[in-house]
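Listed after this line are the structures, all set down as structure tokens.
Each of the two complexes below includes chain A, the first together with chain B, the second together with chain C.
Now for the complex of A and B:
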């Protein structure tokens, strides 16, 4: 296949559109799963529910609690979707990357860590006990998933001998990384759910704390947080394709279509996992994260390093 | 406001003691129509009160109603008659609202004494020493490690999603750890409920599952509950549901070791996982353990179980015990 190259400047504008489309697809699929569990028929209205919910939040009144730190809260709220789009800049679509940085993997990681601060700010700034608890829960969650996540990224970089995402895709010509780095792939999928505070990792926005970080946000603020969450999940799914599933490589179809199909498949898997699980208690997950996932991902990195050195 | 008409509303359901029949109807209609249950007032645009609240609960509901952002609508449904029509009317009201009141200043209210803080712009009044915006700062108290930390008073209920009707728990928290807990019961109970035990178990399970973040299982539990009530439930489906939840390790993680009670508590003995399994047994068809004074036992045991726990655990403990105040004889203690 043709190697991934740096796209023209205008391709940066395509990133939010493509990412938004993927995120919307994921959100619609989640609604379909909800409707099936409810025993409702899956109609056009169910598929379009994320769009109509967006409209609803656009007209809804914004609100703020007395003595809330509005600047801090709104900075956090805006940062969530912005971080998602920035993270997706380095993800190649087909054989074009909007921004093929030499440190693309580190950039993705850094943008995703921005959401830690963003979510904490969005929670703390509302001057609500639920927001505060939710914000801190996300920091705890970050400490639990981040190291396995980083070791998974390091494994990929080691295998490719580069931190550039296009090099990673090129290195998978012939053998996808998922085949010989299954542990890293699994760790990446787990952290994809965790970094987008979705599904079993929704402690920051759980119903047990009345929505946590989301508890006091309404209107546009809420929309940005919810959309940001879906954008993050979509960005992580698209990144998983570039890092582990050979990017746009595949028979017959054009590379951009393979990217879309694979990203949609990974996103679908994540959404399905999200719907099938209960929220993981972080005091339990932190044990698994540090006692099981870190040793396993380290071992995976070691195996890959030995293979590369030989 | 075409956008509002097009989207499905998010509903804050307020259960009231003696309002069980209304609540069951409301939850069934919401499920059939795809209306979602809101997690907080900020998340809701429709407030539905199931039953006739007493004065205290009514005042609490009014305060929560003031927290809903515009456009909003409210349905007070005292009796089971005409539930669907009342929901329809509230829904229509939501769609008919004239344009959004300009910006956020319209929702501006000053906090009344003892009121929950709500909307208010550029409110930087500091008349009292140690006050911020007219609200007292958190007091301090020694925590479990002997450090002096901020202490916050927090009231759970009576308006809280997936919370037993009429239950009010007053907490003093440091960080998210509960220091003291006091239990109150608001309102008067309704009559005995002679519905099928499986429906009652599924109803309790749905609250527990929701609090544990098992969203899909919650939906399935409510759907099966409605089918049991309608007499159309398939025993195989109930068995499958129970089997699947018994196998769920994420659910077990959420409930293991939470709210453990010793052997003297009959039906309540064990941790949240064991209580959850007992409900699953009832769902799968075994007869329920006859509990004499289950609700009274729960209310007695609750404060001791809550103290020293995290806020999130508090919700799981309460949901796993699920005191049935809707039809129990326990009178108001507030």
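Now for the complex of A and C:
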């Protein structure tokens, strides 16, 4: 397999398009799963539901509560999709990465943590108790998933001996990291759902708080939050492929196609998990994160470190 | 040229958002103005080629300031933070300290006889940093790490209203623990 290289400057423009396509596919698949769970027939309207929802939100009027902090709310809303696209800059598609930074893994982590601030601002700024509760819930969630997530990333970097994502892909030439880092892979998938406040980790936008962060957002604001959530999930799925599933390596097909296929498969798995699991309360997940996931991911990092040093 | 532009934008941005911390009337805005100031201050690290340190500072500052926002709103001044408020206290004293610090540091920049660079920067600065932290400076870093960790644990122990006798009863034999919020691992 040809090694991953730094792409031309214009490839940066491809990132939002590819990520958007992946996210749209994921959103459509989620609608299909929902329809099947409800016993409805899967029609073209179900498949196109994310697109029609986008159109509806684009023409919907924005409303705002009295004395809402619009600056913070809008900043937060815009930052969610922006963070997802920035995080995806370091993900290699085939053997081209839009931005093959020497510290790509840390960059991905930093950009995905922007969601913490963004969601809190989006919740706080609406001057609504539901948004406020949702924003605080996401911070609690962040404190629970972030350390296992970081240890999973550190494990990968230790295994590859580099923070550069292209080196990580190259290091999996013989053996994919998922084979000897299964715990890190599982922790990464869990945190992928958690960082995009999806599935069991959707208490920040939970129905019990009338939509939480989403409660008072309408029109374009709501669209950006919902799209940003799918973009984050897609970015995490694509990153999982580069970090654990050998990137674009595979027989017969070209590398870019393997990347797309694997990313779609991981995203499909995440969406399936999202629709098959019940919402997990934050006060419960905190203990799971700190008492179960952190020790497990630390052990995984230790095993990988010992293997690398031997 | 581009580097100079980025540096000056970041410098002006860091000062402007730093000023904003004391001008806005909401604790939430003050917190995020401070975060913006930190991010502006971290970007010049990237210009110096210290990509790991630069990105790490941005990462840590975001996490830190989001947690900080919660504490600032919880503990400082008006509880909800939505009412008009001021970040300024002891106007004259702090003004004197601020001006004095600026003058001392500014004079230092101009008056100190800075040494010339000896040697060249290493090929991979991230690797060199790791080697320094894990090699010659390991003892210092370990002591600092343990000190910080001990501080966190003791602060939580001191601040927490419930101790083990509340959780496990007077003879410490009560199982499962009597917690106001049950955890997620079934204890």
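The criterion applied here is as follows: the second predicted complex is superposed on the first by the 310 of 310 C-alpha atoms of A that agree within 3 Å, B and C clash if a C-alpha of one lies under 4 Å from a C-alpha of the other, contacts with A are read in each partner's own complex, and residues count from 1 in each chain.
In this text, a residue touches a chain if its C-beta (ideal position, glycine included) is under 8 Å from a C-beta of that chain, and two chains touch if they have at least 3 such contacts.
Remember, predicted model here, so these are calculated numbers, not experimental data.
Engineer: On the superposed three-chain arrangement, identify whether chain B or chain C touches more chain A residues.
Structural biologist: Of chain B and chain C, more residues of chain A lie in contact with B.
Engineer: A:287 contacts which: chain B (first), chain C (second), both, neither?
Structural biologist: So A:287 only meets chain C here.
Engineer: Pick one for A:62: touches chain B only (first), chain C only (second), both, or neither.
Structural biologist: It touches chain B, and chain C stays clear.
Engineer: First (chain B), second (chain C), both or neither: which does A:208 touch?
Structural biologist: The answer is first: A:208 touches chain B but not chain C.
Engineer: Quick check for you: in the superposed arrangement, does A:6 touch first (chain B), second (chain C), both or neither?
Structural biologist: neither
Engineer: Scan A:121 for contacts with chain B and chain C and give back first, second, both or neither.
Structural biologist: Only chain C; A:121 stays clear of chain B.
Engineer: Should A:71 be classified as contacting the first partner (chain B), the second (chain C), both, or neither?
Structural biologist: After superposition on chain A, A:71 lies in contact with chain C alone.
Engineer: Contacts for A:106 in the overlay, against chain B (first) and chain C (second): which applies, first, second, both or neither?
Structural biologist: second
Engineer: Shared contact residues on chain A, chain B side and chain C side combined as an intersection?
Structural biologist: 67, 127, 136, 280-281, 284
Engineer: Where on chain A does chain C make contact in their complex?
Structural biologist: So the residues of chain A in touch with chain C come to 67, 69, 71-72, 75, 101-103, 106-107, 109-110, 113-114, 116-117, 120-121, 124-125, 127, 136, 139, 142-143, 146, 163, 280-281, 283-288, 291-292.
Engineer: Taking the complex as given, what residues does chain C use to touch chain A?
Structural biologist: 26, 28-29, 32, 35, 51-52, 55-56, 58-59, 62-63, 65-67, 69-70, 82, 124, 126, 181-185, 187
Engineer: Residues of chain A touching chain B in their complex?
Structural biologist: 33-35, 37-40, 45-46, 49, 52-53, 55-56, 58-67, 127, 129-130, 133, 136, 200, 202-203, 206-211, 214-219, 222, 275-281, 284
Engineer: So in the complex, which bits of chain B are touching chain A?
Structural biologist: Where chain B meets chain A, its residues are 1, 3-4, 6-8, 31-32, 34, 39-40, 42-43, 45, 67, 69-71, 100-101, 103-104, 106-107, 111, 117-121, 123-124, 132-135, 152, 154, 160-162, 173, 176, 209-217, 219-220, 222-223, 248, 250-251, 253-254, 311-312, 315-316.
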